[in-house]
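To keep things clear, I will list the structure first and then write my remarks on it.
Going in written order, the chains are labelled A, B, C and D, and every chain counts its residues from 1.
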Amino acid sequence: MNRVQTEDFDISTEIAALTKGRSDIGAVVTFSGLVRDVTLTLEHYAGMTERELTKIEAEANTRWKLQAVTIIHRIGTLNPGDNIVLVITASTHRKDAFEAAEFLMDYLKTRAPFWKREGDTWVEAKASDDDAAERWK
Amino acid sequence: MNRVQTEDFDISTEIAALTKGRSDIGAVVTFSGLVRDVTLTLEHYAGMTERELTKIEAEANTRWKLQAVTIIHRIGTLNPGDNIVLVITASTHRKDAFEAAEFLMDYLKTRAPFWKREGDTWVEAKASDDDAAERWK
Amino acid sequence: MKLLYFASLRQKIGLPEEDVTPPDSVRDVADLIDWLMTRGPEYAAAFENKITIRAAIDQEHAKLDAPLGHPREVAFFPPVTGG
Amino acid sequence: MKLLYFASLRQKIGLPEEDVTPPDSVRDVADLIDWLMTRGPEYAAAFENKITIRAAIDQEHAKLDAPLGHPREVAFFPPVTGG
């Protein structure tokens, strides 16, 4: 389940939505990305973003045995300490949950059409993110 | 910050306790382990457990650059879908947070003195957990 | 076809989107960029460092040598920085 | 010294803990196990598969060949299964 939104998210609520009433999930991994030090404005390519998130989630499901995946990405203006992104993976086993969460973040960082701006300056993409995504090829 | 407790935990509350008022944390990874299908009773070696959790946390801090770590492990009788364990890692970068969380779980699974019982039968240790811990040697 | 520009490209070109009718000789993404660069100094500046430009045809990532076909929309943007 | 037994070992021996005074010849963890196994069939059964037994001396993991020294407590337990 994927969403792009301006509002904040609550991790416990999102986990509960995935796990409630189930007894087949043994491992839940969450990654949340937070704004550090500066105020950021996030824009995205509406339409393409949702397609990319769906594709990234589908790709994770072909590679790992997952019971559920959530991706939430915020847009708009965010302040230091604010949440930017949330990925949740639920699986029977922890290895699948961990690897899939790392994969989702690496792919998000290099394929989902979001851009960060700090004041008038666009944040530069990092080579380390490309390297991180490369290892899943 | 490590705890052994019978009560449940709330992941959002625990994350907030780590990140509140800070703007130097960019990545938070959580792992929660849940009971699958059966009712389990968990016992531990009080005293040694706390020492082991402290050692495991210290070891993670020597290997990765972490801003904060939380480990919470429940004891007592737990039902399907209940939380068993929570690990949270907070770092500037996602790679440190992910790797440290995996390491903490692998070490917990093989070094922290907890035992699970299902009815009258003690749960057997898994070779896959030993293998997972081996890779950090 | 509809063109969309995002982030620093939108800023340099000064438009979020526009409709264009490129000549028949424009067959792939690289051709389209070359043609756009002839349209004015703001385009020339925006597409100057072609290797760093990312494109999407109908909301799917496309390489420079990807054939255009008959798309509804083509988007240009810098490397993504979300997450 | 105080001995503690956990999980299946406690169940087999029938005690959570006890105070013992092993002879001077008991120098390491393996010696202690061998000596305990002479104390009755429940001990013999509990320590039967010595390779699977884990020990801790004063709450620190200890291998079978770890010297005992003069510990306050020695614990025996099966491989851990928390997490």
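In this section, contacts are C-beta pairs under 8 Å (C-beta built on N, C-alpha and C of every residue); 3 or more make two chains touch, one makes a residue touch a chain.
Just so it is clear, the structure is predicted and the values come from calculations on it, not from any experiment.
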Report the chain whose mean Cα position is at the greatest distance from that of subunit A. D
Subunit C and subunit D: spacing of chain centres that average the CA atoms, whole Å: 72
Nearest whole angstrom, what separates the Cα centre of subunit B from the Cα centre of subunit C? 48
Cα centroid separation between subunit B and subunit D, in whole Å? 27
Where subunit B touches two or more other chains at once, the residues are 33, 105
Listed by label, touching pairs are A-B, A-C, B-D
The subunit B residues in contact with subunit D across the complex are 33, 42-45, 47-48, 51, 73, 84-85, 105, 108-117, 122-125, 129
Using the touch rule from the top, collect the residues of subunit A that touch subunit B in their complex. 10-13, 15, 19, 21-37, 80-81, 92, 94-95, 97-98, 101-102, 105, 132
Within their complex, state which residues of subunit D touch subunit B. 4, 6-8, 11, 56, 59-61, 75, 77-83
